[in-house]
Each structure stands twice: as structure tokens, then as C-alpha cells.
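Chain nomenclature is as follows: A, B, C and D, assigned in order of appearance, with residue numbering initiated at 1 for each chain independently.
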Amino acid sequence: MDMNEKKVEEKVENAQPVEETRPELPDTKEGRLVREIVEKAPYAEGSVRRERRVEFRVPAERIHEFLELASEKFEMLMQISTVDWLKEKEFELVYQLWSVSEGIHAFVRTRIPRDDAKLPTVMDIWPVAETYEREAHEFFGIIFEGNPRLGPFILEPREYEKHPLRKDFNTIGYVKVIYGEDFDRYDESKTNYVI
Amino acid sequence: MTNIEVPKELREEAKQHDMYLHPIDKDTYELFFGPQHMATENFSIILKMDGNRIERAIVNPGFLHRGFEKLAEQRPYFTNIALILRICVPESDVPENIYSMAVDEIVGWEVPERAQWIRTVVLEMARMSAWMFWIMGFGNEIGLYTAGQWAAAYRERFMRLFEELTGGRVYHIYTVPGGVRRDIPGDKWLRQLRDTVEYLKGKMKDFDEILFDNYIMFERTEGVGVMDRKFALKHAVTGPNLRATGVPYDVRKDDPYLYYPELEFEVPVLKEGDSLARVLVRRYEMEQDLYILEQLLDMGPPSGPYMVKDARLKALPRFKPPKGDAYAHVESTKGDFGVYVVSDGTHKPYRAHFRGPSQSHGVTVLEELLKGARLADVPVILKTLDNCPPDIDR
Amino acid sequence: MSEMKEMRNENDGVISYELQEFKLFEPLFKWARKKSLWIVAFCTGCGGIEMPPLATARYDFERFGIMPNPAPRMGDLFLITGYVTPKTLKRIIITYEMMQDPKYILAHGSCPINGGVYWDSYNVVKQLDKYIPIDVAIAGCMPRAEAVMDGIMEIMRKIEDGTADGWKRYRENYEYYRKNQDELFGEGWREKDARRWLAWI
Amino acid sequence: MIDWKLVLEVIGILIYATFMGFIFMGIERKAMARIQRRVGPPIYQPIIDTLKLLGKKESVSHGFIYDFGPVFAMGASIAALLFIPIANFQLFSSNADLIVVAYLLEIPMLGIMLGAMSSGNPYSALGVQRGLLTMVAMQLPYGLALIALIQHWGTFKLSEIVALQQTQGWSILVPALFVAMIVFDIVFQAMLGLEPFDIVSAPAEISMGPMVEYGGKHAALLFTQHAIQLFAETAFFAVLFLGGASNLLELLIKQIAVLFIAIFVASIYPRFTIDQAAKFFWKWPTILGIIAVLLTV
């Protein structure tokens, strides 16, 4: 068992430097695809994570340009995942793309500052982005310029203003304010919440 | 018809929120379709109607929003299993499985063969019971209650099997990162499963006669809610809905997981892209799923452990995966169901973002397809897209 | 809860919401009410998935005269099937008020009782009894179909001995419920939202 | 001078028809349940439902017309019932009572429409629109079937039709009238509001349509009206095509046979949309109806 654990740790440690040095892309379909796209868009960093998973890092100001380019190969936009990196004061947006023709999933990562979260919309490339952007706007407060339907979508206006999925939103505090304090999930000393 | 007097400031506010439509002239009126409605589950569509035709539809989801993604950030990895499976109620094994697969990938676990086999069987059983549920919903919405009643009764057979395997009827909390929670109960259970598969195979004929070959069903669905291939790809339509437009994309084939690379099955594809094609694709998939289950049973469960051997599993609440992120997706009956899990090395996930297929089917696609449809087509379109509101809300 | 008792004491003896019209036939009506509970078809949460098994061959609640009805005006039994979000709760309250007395509420699952697994969620109502009166609550997540049947039997029993009086409580303590609702949704939500849903009333 | 015998007969027939109508509704639900592999409710369930609805404390009204609609419908149903020769009772009679009954049976729909329209609910309005269109659509085949029948028997009088059938054999034994019976049966499905023509109340589309605003005592009245209507319609069918009846038991058996055909058709067909229903009515039933009429010439 210990062996197993060590192996895993080794794997993780080994994995980190590999990405940073940007090695030669492997000669697989993934590698060829990444090379093709990176040649056209030199501002983007591309790498192959594993079989059928590739990754691109794109600066935020060129994200629209890059996605337009990528949409030739990747037909579908599966999701726009937002990660709130509170310590770095940044939002990371991961555009999850899927290529039906090649069978490859791509993460297109971009980072934007937390206090000035603005990005151009990609509705013109994939109309479905409207929903994803509305959602990201609602839960994180990111403004997608050009999307006409930003506003309360899933939430009611009151919760919408708080952008509840941000890391600095205190759920339990908010719950106490809104629904009253009668909880029963205390530990025995009645001081801490138990999860 | 109903002219609504709305104060000016409210009108302005509503416009801002884009939640409500207002009659602009005497011929149109707004109709609130749901949430207290038989066809929509807990989901609302605001329709601007011109007589019997829909001019514009606005989807108003969010009645089922529980903030899963926030809650998942507040709970340890293994506790989350009991929570996130509630995202997709008719097919609760799908969120469990994708989450477990993503965590497996982050940790770097190779799930034992036996666990993979069990997970595949569970997923296929979930698919089959979800199909039965879908027949029920579709039947009820076009007014064919008999087929629905039969299908819901057949679903109970799977519920019993699930109960014996996992202890739960609807929510199983069975698949966990690293394997499954417990072993299969024994050969008797496998025999029962085989009996059920055989039984349903015989019953597909009944469904053909009453539902899938029904003249009025054809009338109701043919040419309703048509989308073409390009539209479907741009709107991230997946699953049977995409295959009904002629794109043979199935996660089980194109991004194989678990035991699927070793199984033989076909991906049914139709070209028309209307509701009828979507119904028939589903019909063919049911057959394929039964066939897959049969193959799995023929193979038999491989021997070995059903859970990964790892010291960290001894203290589950403090289980810490390494830093990293992963995206895992499976083919559910509704489409491509995915999750993106980010780990920052602590014992709680930093972010778990789910991608329900209805996020695209239930909002933009639905709004587009409803334009110009008749009121009677609304339930048909809703059900042939297989819209599942909790996917959107989460 | 203490507030509620006070309210009730105040109102005792002042207003009575007994059915005055057909006092003679009251036992007959009680029997009929018990035997014919029509469910308002409002699938409010994940418990809605246990409704089809209940309505079909394995459990078949139509044996007891229970059937789902799409129109709230004709409904008797409101099944709160699972957690309730504030957005749904608005609709639940309006639908409940559209139903005609006598009407009963069966809360289904742990979530309407204390939030259940969503006890720390910012969008799930924690104690439903503060906003609308509940006659019978079934614990469990999710309650098995048998448990729901048991809950319905309990409602039938309560109708028979006259203790299923949620609708009376709602009328008598209307201010209490109204106050809680307004606290949650903000004043004037009825005029703002509900007016639009029910423009014809 | 009050004809006490007639009054008693009217009251007796009314009570009998209401009761049997409720039982028919119970049979409908029970048979559907059996087809769907369920136990189903007890056969007297609609009576309990109606009692419960009567016991409701009703607080809603949308004005006089809203209250008047169900009463109007009920009156029309009762009137239709009294013109039909039920076994050996024919309480009212005229020279053209076939036409009278045929159109009195359609008036209840108008009454419900009247009430529903005044409730202002958009779903009611949609239901009314659908109901009226269905009525318009089914007039043509309905009329053709009746014309074929009248032409064959050469009379407008129901009692004479019954008498002729008793001597010359039932209508369905005549080939032309058998075709007319098929047409009438299709129309009958729409008159009963069963699939494939339950467009008016389509629960999954417009959630009960015209009935959506009715609750409590109004709904109880509509239920009773529906029971009488069901009895009258099945009796009308039996009288026109199944040779009438000389006693109540015979009539009952024929009525239940008619009802079961309707139930079986309803349980295996989904619902049409309204435009498809109109097109359907003006296509096959109309063609069959014309054939029936031509055959009887």
C-alpha cells in the first residue's frame, strides 16, 4: 500500500516539471492537433495531458480569437467552468471543448483578474455559450461583453446579487441570516458546525 | 385575451431581468407553462402566444437550484457522493460515476476490473430504468397512459435489483472513488438480472405495437421540433438528440470508459432530426442497452477486489488527493453528462462543476425549437429533448 | 412556534372555520374526503420520482381513490415532494391558496422538515412549516413508496378524526404565516410576482 | 293538470341515469386500470369524488355566467336524456326527436365553454377554443351518419327507429348503417372526451382546459352532468344502432358494450392535436359517412 502511495506521489511530482518545460508534443493524433493549432495561434500554449485530453493556455484578451480558431476543430462547447482562485485574486475560466470528428476533449484555460472580471462573449461562435455565460455571470459575477441576457437566471434577484459560488461568499452566515438560526448540526460543545 | 396591467417601474425591472414577456398588441398573450403543470416537472416556460402558435418562448429555470457546487466545496470527497447524485434524479448513478471517475483520475487510481464491471452494469441498469421512465413521461404527455403505466411497472424490476445491490431504491450512493461500496450479492442476483433483461426483451414488442408503431404518435411527432446537424453541434446537443440529426457521437464509443471498449454495440443514427427521429433513436438504444447488459452477463464479473487498495482509504474524512483537475463524462440517456473536478490538495474538492445535458437542451435549444410551434407540441418537444430540469439548476 | 400559539389563543372563539353549510352531512363528507384525495400535480422536488411508481402497478394508489389532478382548484392533497427553494415556495404558496378548503399538505422527505442534506444550502427553505401548514411529514431521503403510502394513510386517519386541520390553521394564523413569507421574500412579492401569474383573478 | 305519473317517471329516470352514469364512469376508470395492469379504484369511486367536491367550501366565483355555465350544461343533458327512449319509457316525444337529441347532446359542451370563458384563465380559453373547433369538425361526419340512418329507416322518430329495428333487425346488420356506425363511433369518442380526441381537457398540454378554474361545487355539478351525459350518449348509441331495448337490463348491457369499445380505443391511442383532429374528421369519417349515405339512397 505504501508503495502505491509513493508511486502516486512520484507521478504527481514528475508531472509538474514536464508541463513547464513544454516538451516535444507526442506524435499521436492529440499531439498533431495541438501542434496544428499552436502553429496558427502562437500566443497559446498547448500540451497533451493524456489520451484524448489536450490543454491550451490562452491570454484573456485573445480568447475570442483563439476559440474562433479552435472551433474549426472542436465543434462543441461543452461547458464554461469557472474556478475562483481567491488567493491569486483571479478567476480561471476553462472552456471545455469537444471535437466530434477527432474524439478529443480540450481544456482552454484563461485567467482574468477577480475585481475586473470581463471577457468577450463567445455566443457568436457557439450560441449555446449564452446559457453557460449566464450561469457564470450569475454565480461569479463575470461580465461577458456582448451577451444580452445577463441577469438573474437560476437564482432570484436577492441571491443573484451575492454571486454565491464565489469563494468569499459565506454560505452558513447567509443561511443564518435568511432562514433563521435553528440548526441542529452543532458538535457536542455547541460551538462548531459539524460537517 | 388576458391583458395584464403592469405598473411601469415593474415593467422596466422585468425587462431588465428578461424574465417576463408582456403583451405588445391585442393578438398576443403570455402563457405561463409550468411549474404547476403536468408536462414540465418543476420548470417553467413563459410563452408568448399568437393564437395557438408560439411566437417566443423564454425558459425560466431555477426552481430546483440547491447550490450543489457550493455544497460540494464544503464537504469531504467521499461525503460528496451522497450529495451530488441528487443532480440527476431519474439516473442517479451517472453523477456518482462521473465524479468517481474524475477523482480516480486526479488520484491516479487504476480501478480494479471487478469494480469496473460492476460500475458498467450499474450504469446500464440506470440507463434502462431511465428509458422506462422516459417512455412513461412521453406516453403521458401524448396521452397514451397505457404504455406509460406498463413502463413504470417494468422499471420497478430494476428498482428491486438496485435495492438488493445497493440498499437504495432511487439514490444508491454506490459508486465511490476507487471502486464500488460493496460487492454483488451473489449469483442469484445475476440470475435475476438476466431474467429481467430477458423479460424486457420480450416486452419491447409490446411497446413497439402500442407506442413506437402508433399512427397517432407518428402524426404527433413527425416534423415537430426539427433541428439540423449544424444547429445541433453549435448548440452542444448531445446524446440521442444529436444522433437523431445524423452525428454518430456516443461517449461510450468516442471517449470509452470502464468496460465499454470490450463490448460490442451499435450507435443508432437517424438523419431527420425531428421529434420522431429522436423517439426512434431512443427506441433503438433501448435494444442496444439490453444487448450490452446481456453481453456483460455473458462475460461474468471478473474476479478480484471491488475496491482499490490504498492506505488513504482507511481514514476517509481526511482523504486528500493530490493537486490537479480532471474532466470525466459518461453517456447518460439524456446526453453527455460531465464533471470538472479541481483539487487543491485539501480534503475537500476546490471546485466541482457539472455539465448536465439539459443545460443546452433545456434552454437555448428549447427556446429555438419552440418558436413557431403549436401549444400542443410543447410537451412533445420537451419530452423528446428529454429535458431534466435539475441538470440546469443543480 | 410560541408565537403561533399566542396567535391561536387570540383567535380562539372569535373566528370559526367549521363547515356550516351541511352540518348534517358532515360525517358523509368526511368519509368522502378520506376516500377521494386528489393530488395537485406539482412535482416540487426529487421526491416526484416516487410518484410514478405510486401511481402504477406496483403500489397503485388509485385503489384508495387517490389520483393526480392537473388543476389546483380541484385538488385536495398537496404533496411537497422534497426540498423547497424560495423560488418554488412562492409558487407553492400561491397554488396552495388557489386550492379550496379543506386541503391537506403532505411533506415528503427530510428536506421540508429541517433542510435534510441541504441544511447549509443558501437556496433551500429549512423549515417549511413556518410558511405553510403541514399536516403530515414523512422523514427519510428519499422516503420509500411504502413510506409515502403510510403517510397518506396517516392523512386519511387524521381526516377521519378531524385533526387534519392545516387549512384551518392557515386561515386562523394567516398573519403569522404571512409575516414569515414576507420576511423570506420581501414585502410586496404577491403584487409583484404572483399578480402576473394569475392575471385573471 | 299535473301528470303525476310522468313526473314520477322523470324523477325515477333521472336518478337511475345519474347513478348509472356514475357507475359508467367508475367502469371506465376501473377498466382503464385493468388494462394498465392495476387494481384500480372501486367502481363507485366517482360518487365519492362528487360527494367530496360537494363538501368543499368554495370561495371562488368569476361572476354570474361562470356559475350559470354548469347549470346550463346540466339542463341540456337532462333534456337530452328525457327525449331518448330509455327501455319502455319515452317521456317526451316529438316528430323529429332524433334531431333534437342529437343537438341537445352537444349543448352541454357549449355550457361548459360559456362558464370557462368567463373565468379568464388563458388555459380555459385555449380549452374553449379547442372544444369549439372539435365540435365544428365533428358536425360533418356526425350529420352524415345520422342522415344515413334517417334515410334508411325513413323516419325522424326515435321510437319508430327502435320499433323498426325490433322487427327488421338491428341497424348494424345493414351494411350501409354499419359504415355509419363506424363513423358515429369515431365521433362518439370525441363526444365522450376520450382519447384520441380528449383534446379539450388534455392534461399534459392545457391542464384540464375548460375545467381548470372549476373546483368544489361547480366541479361536482360538472361531474354529475358528465354522468348524465355519459348515460344519455351511450343510450343514444344503443337506440340508434343496437336496436334499442325493451327493458332496462337489456339497455344496460348494450350501453356497457358501447362503453367498453370506447374504453379500448381510448387506452391504445394517444391524443391528436386539434388541427390534426379537424383534418382527420374531415377526411376518413367524412368519406365513410358519404359512402354510407350513398349506400342508403
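Everything below uses one rule, namely that a contact is a pair of C-beta atoms (placed from the backbone, for glycine too) under 8 Å apart; a residue touches a chain by one contact, two chains touch by 3 or more.
Owing to the predicted nature of the structure, the values given are computational and were not obtained by experimental measurement.
Novice: Could you give the fewest steps needed to travel from chain A to chain D through chains in contact?
Specialist: Step count on the best path from chain A to chain D: 2.
Novice: For the chain pairs A-B and B-D, which is connected through the larger number of C-beta pairs in contact?
Specialist: Answer by contact count: A-B.
Novice: Indicate the whole-number Å distance between the mean C-alpha point of chain B and the mean C-alpha point of chain D.
Specialist: 42
Novice: For chain A versus chain B, what separation do you get between their C-alpha means, in angstrom?
Specialist: Measuring from centre to centre gives 23 Å for this pair.
Novice: For chain C versus chain D, what separation do you get between their C-alpha means, in angstrom?
Specialist: Taking the average C-alpha coordinate of chain C and of chain D, the gap between them is 36 Å.
Novice: Can you work out the whole-Å distance between the CA centroids of chain B and chain C?
Specialist: The computed centroid separation for chain B versus chain C comes out at 29 Å.
Novice: List, in ascending order, every residue of chain B touching at least 2 other chains.
Specialist: Correct list: 2, 37-38, 62, 65, 67, 70-71, 74, 149-150, 153.
Novice: Residues of chain D that contact two or more other chains, please.
Specialist: 36-38, 120, 122, 203-204, 207
Novice: Where in chain C do residues touch at least two different other chains?
Specialist: Within chain C, the residues that touch at least two other chains are 41, 56-57, 70, 87, 120-123, 199-200.
Novice: Can you give me every chain pair that touches, using the contact definition above?
Specialist: Contact pairs between chains: A-B, A-C, B-C, B-D, C-D.
Novice: Enumerate the contact residues on chain A facing chain C in the complex.
Specialist: Touching chain C: residues 155-156, 158-159, 162, 164, 169, 171-172, 174-175, 178-180, 182-185, 193, 195 of chain A.
Novice: In the complex, go through chain D and note every residue touching chain C.
Specialist: 29, 33, 36-42, 45, 48-49, 51-60, 62, 119-122, 203-204, 207-208, 211-216, 219
Novice: Would you tell me which residues of chain C are touching chain B in their complex?
Specialist: Listed in rising order, the residues are 40-46, 48-50, 52-53, 55-58, 68, 70, 72, 83, 85, 87-88, 91, 95, 117-118, 120-124, 141-142, 144-145, 192, 196-197, 199-200.
Novice: For the complex, which residues does chain D have touching chain B?
Specialist: For this pair, the touching residues of chain D are 32, 35-38, 120, 122-123, 125-126, 129, 195-196, 198-199, 202-207, 267-276.
Novice: Please give the residue numbers of chain C that touch chain D in the complex, ascending.
Specialist: Touch residues, chain C against chain D: 19, 21-22, 25, 28-29, 31-33, 35-36, 38, 41, 56-57, 60, 62-65, 67, 69-71, 73-74, 76, 99-102, 199-201.
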